[in-house]
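Following this line, the structures themselves.
One chain, chain A, links the two complexes that follow: it is found with chain B in the first and with chain C in the second.
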Partner chain A sequence: MFDIVLFAVFPYVAVIIAVVVGLYRYFNDRFTYSSLSSQFLENRILFFGTVPWHYGVIIILSAHLFAFLVPVLWGDLIADQTRLYIMELTGLSLALMSIVGITILIARRFRNVRAKAVMSFMDWVLLFALLTQVILGFWTALVYRWGSDWYLHTAVPWLYSLLLLNPEIQHVTALPWEVKFHMLGGFLLVLLFPFTRLVHIVTYPLTYLWRPIQVVIWNRRVAK
Partner chain B sequence: MALSRLRSIALASLVFAALLMAALFITVEAAPPNQSADEGATLFKEKCVGCHTIGSGKLVGPDLKGVTQRQEKAWLLSWIQAPDKMLAAGDPIATQLLKEYNNLPMPNLGLNETQVASLVAYLEGIDAGTIAAPVLPTAAAVPEGNSVIGKELFTGVNRFQNGGPPCMGCHSVGGLGALGGGALGPDLTTAFDKYGGAAGLVGFLNAPPTATMNAVWSRQPLTADEQANLMAFLQSATATERPVEALVPLTVLAIVGALILIVVAQLYWRKRLVSVRRAMVTRSRIS
Partner chain C sequence: MDIRAQVSMVFHLDKCIGCHTCSVACKNIWTDRKGTEYMWWNNVETKPGTGYPTLWEDQEKYKGGWEKKGGELRLKLQGRLGALTNIFFNPYLPTVDDYYEPWTYDYENLFTAPEGDDQPTARAISMITGKHMEIEAGPNWDDDYGGSPVYASNDPNLEALTDDEREQMSEIERVVFFYLPRICNHCLNPGCVAACPAGAIYKRGEDGIVLLSQEKCRAWRMCISGCPYKKTYFNWSTGKSEKCILCYPRLESGQAPACFHSCVGRIRYLGVLLYDADQIKNAASVPNRDLVEAHRSIIQDPFDPQIIAAAKANGIPDGMIDAAQKSPVYKFVKEWRLALPLHPEFRTMPMLFYVPPMLPVLAKIKDGKYDNADVASKSLAPLLSSLERARLPLQYMASLFSAGNDEVVAASYRKLIAVRIYMRHKTVGDISEEEALEALRAGGTTAEEVEAIYQLTAKPTMEERFVVPPLAREVAIEQTIDPFTRKREGGFGFRHAPQRGG
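Moving on, here comes the complex of A and B:
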């Protein structure tokens, strides 16, 4: 019964809230759709946190999404020991890099007075939720290897069953608790999305691709 | 920002979502089907034949002929419902069985109470002679296997006909080399003997009983040839190399990989602190 609440009810609740509140925030408070960057307040340490964090986590998240969208292709890709090992090692390195990144970001928010001053309660919640999630992911990948393979036969069928409104939780309920927490952690982050600065995920400046050209003219005296 | 309004709309959608889901599940759960020996027979084929026969001898687990006379009904019900909890609680019969069967614990099958009652009704029917015992596949029916093909199936070089995942995704085994196989499931280096040789394994591979394997393999079962080849490989693996412990090399490699990536980022963006403003100031001074 508890499993039903966690793996068949909670994901829907998280997604519904994320969509409803996300849309509400977009139409009523559009200018809060921002990462609220603190780069002006502190720029030196930020680099060592934000670069490893974002490059690591975006690539890993894309791999999760890609394997979910084309599981057969992904299965063929790793159905070879060498390719599997390369994939897993790349993933583990990126995961570790993102853990290092977010740890630096958290430390920076604690230690830098100016960066700390602009933090809200939800900012702290988000930072620690992300840290927990990447640590659980790294742990799962390392201790319960090879996740790039069994993900296709546990989480993926579960997620598809959720998508088809016919939850089949038996694919995931017998997995080790760290793995289950990682899966639920994903939906927890979905739930946190509209209440935190995580909304900046959808603010990627795509319109730059088709906006009119801007001519920038510098006015300065020509050196003689 | 209008945080209080955001909160109230969040609360409203939470209540709405919770009500929706509750309604959905109440309708689904409202009418659990009654127990029946027929349902028990179906469940037995899906969940139990991997380890048990009825009257054809031991496999991984005991022969269940006469089990309803050997054990109390209440014990059977709670054992099938949650063997893991019974073992953890140190139930004497459970502990004795575990010892007797190679320390291979019976997995929790994830059945609900009605399903467990159906299974027990089915077993009672067989013991009372009102239901015929099932005819199960035996090792004698399995063709001769090829251990080389078996290894290819295990690692994924050769894919399973019905689309199942390579064993290596979750299991390691002796002789795989490099970083070995997966660690989600148990290491299978000694599985051939531990699961009672071909006779025990054939049942297991036909209908893997553990919850996670059952969910994967009930939809894309192994063919008879694939089972034979895998068994041949597992048998040869038993006698070969020791399994590789990959945890330490993997951790070290991951640390090295992460360090390289961070150093590359630092080198690539090393000029980032030369700000636009500083360049402009310099330029204005020159002119």
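Moving on, here comes the complex of A and C:
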């Protein structure tokens, strides 16, 4: 029963809240729809935290997403032993990189008075949620080897079943508790998304790649 | 041809007394909020000096403005892809220490300190952290050299000078400085707009004012580096960049911006310039030597019937064209060719122009009088102003106002000297007519022009200094927005207090 709540109900609750509140915040409080950068107040330590954190976590997340979207292709990719080794090793290193990054970021927020001055309660919640999540992920990868393989036979079918609105929790309920927490942690972060600075993810300015370099706004376009 | 109107500015540096009234007027209206304490949208610097933020002119440090790479004009800061990869950490961002940490004083302690043998003091408290702090820098820390030559000697513009010239500047007889008031230049090719990944900064088509949307800004921080003049500022409390808005709410109601209005020395002029937007890219791409001339050339004659027709075809209202014809800025910049852009080599095409300050001449006091024994002519003229005897080398002014082309600055100076000598001849009479005519010839000017320059420099009325065009925004927005949209609704501004962070 408890497993049903955690693995069949909670994910839906998290996603629905994320979407509804996320949209509400975007349309009603767009002013706060970003990360509150503290680089202006402290930028020396920030470099060693934010760069490894972002690049580490973005690549790992992309791998999770890639394996979920095209499991067959991913399966072929890791079928070769050398490639599997490389994959596991890369994943572990990136996870370590993220852990180091976020630890530096947390320490910086504690130790630097200026960076601390602009912290809100939800910023602290988010930082520790992220730290817990990457540690659990790293632990899972380290202790329960070949996750790039068994991920395809546990989490992926579960996530697909969620997507098809027909939750099959048996794919994951028998897993060790660290792994289960890591999975639930993912949805916890989804839940946190609209209430924290995580919203800055969806504002990533891809349009900068093609927008006209100068912006001129007229009240009324003049006919040329 | 794509004729547009730009509300433009001239600062007459010869008249600036460095009183900072402009800065205070601006601060009281716009930047007395949390997170903006350190911002001075208008600031006045002592030159030579390192300015605010420190070394803002050093583009190797902050990567502001544009550069020519392979014949193409591109941002010094980033390519498009570079912006997206540097977004987690902008390596060229100035931090609060490059400005100064804002503070107040612990006044309460004066009242609540327990009785003791010594006077209670009000210690400095940081306005960021709320904790006690040591003051290490402040606004205008190096005002009037700050009692030391060390600030001035770091001025990047001094690189244009020879070692001899630099050494001479620190001799006590030669010590000289002038003031450089700065606001946003509302550029034609703004670096901040181009650098903003979110596209939050824009130029208003109707009047050319550059604004920054607080709702679109996502704190990617690139504009701060991208503006070579460091005139976009980061509000650390709201996580938004902010900048000078040229007091557009005042302009829209027919008033001059607060810094203009309050200027004690009456150094500021405001008026409309018509320019050809199609030529911006070419004008910003010419070699350094030709930048000022190219900048002047895209400014169009508001009396030319062809230009007027093109402006009207582009939807520029009659009131704007009328203002362009009366514009004091047009006279200073284009007609008289006196006012020059600040650091045109940044290639943003700034629309704030400076009339360079008359350089004090080198002279010693002997028996309570100017000793001019070494001047060949016994006349007063070389003592009033002389390019050859100027205390600040011309190269220095050229580094500031003409991308190193000293001919451009010299031409401006020769005309200013002509005005001074000719008017002295006319009003005081201790300079001969031949000398006055000689000065006119050297300045490439005429008696009528000199009189006009004198009139607008020394005795302009407020209406002559500020020709504010009828911006008529309430009429303009009618086409797209019902002006009564906000009536009986939420009023102007945000529905929530713009408050974030701890």
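Note that the second predicted complex is superposed on the first by the 214 of 224 C-alpha atoms of A that agree within 3 Å, B and C clash if a C-alpha of one lies under 4 Å from a C-alpha of the other, contacts with A are read in each partner's own complex, and residues count from 1 in each chain.
As a convention for this text, a residue touches a chain if its C-beta (ideal position, glycine included) is under 8 Å from a C-beta of that chain, and two chains touch if they have at least 3 such contacts.
Source: prediction; values computed, not measured.
When both complexes are superposed on chain A, chain B and chain C end up clashing with one another. When the two structures are aligned on the shared chain, A:L142 is found in touch with chain B, with no touch to chain C.
Chain A has more of its residues touched by B than by the other of chain B and chain C.
In the overlay built on the shared chain, the residue A:I78 is in contact with chain B alone; chain C does not reach it. After overlaying the two complexes on the shared chain, residue contacts for A:P157 are found with chain B alone; chain C is out of touch.
By the touch criterion stated above, A:V51 is placed in contact with chain B and with chain C alike. In the superposed model, A:T32 lies in contact with both chain B and chain C. Of the two partner chains placed by superposition, only chain B is touched by A:A174; chain C is not. Once chain A of one complex is fitted onto chain A of the other, the partner contacts of A:V215 are limited to chain C, with no touch recorded for chain B. Only one of the stretches 60-68, 132-140 or 276-284 belonging to chain B has C-alpha atoms clashing with chain C in the superposition, and it is 276-284. Residues 28-29, 32, 43, 47, 51, 55, 220, 222-223 of chain A contact both chain B in one complex and chain C in the other. Across the interface of their complex, chain A is touched by residues 1-2, 5-6, 9-10, 13-14, 16-18, 20-21, 25, 107-108, 110, 155-157, 159, 165-166, 168-170, 176-179, 181-184, 210-212, 214-216, 246-247, 250-251, 253-258, 260-262, 265-266, 269, 272-273, 283-284, 286-287 of chain B.
Looking at the complex, you find that chain A touches chain C at residues 28-43, 46-47, 50-51, 53-55, 113-114, 116-120, 123, 200, 203-209, 211, 213-220, 222-224. Those residues of chain C whose C-beta lies close enough to touch chain A in the complex are 2, 80-81, 83-84, 87-91, 93-96, 128-131, 189-190, 193-194, 196-199, 201-206, 214-221, 224, 234, 236-240, 314-315, 473, 476-477, 479-480, 494-496, 498, 500-502. For chain A in complex with chain B, the touching residues are 4, 8-9, 12-13, 16-17, 20-21, 24-25, 28-29, 32, 43-44, 47-48, 51-52, 55-56, 75-76, 78-81, 84-85, 88-90, 92-97, 100, 142-147, 149-150, 152-154, 157, 168, 170-171, 173-176, 179, 194-195, 220-223.
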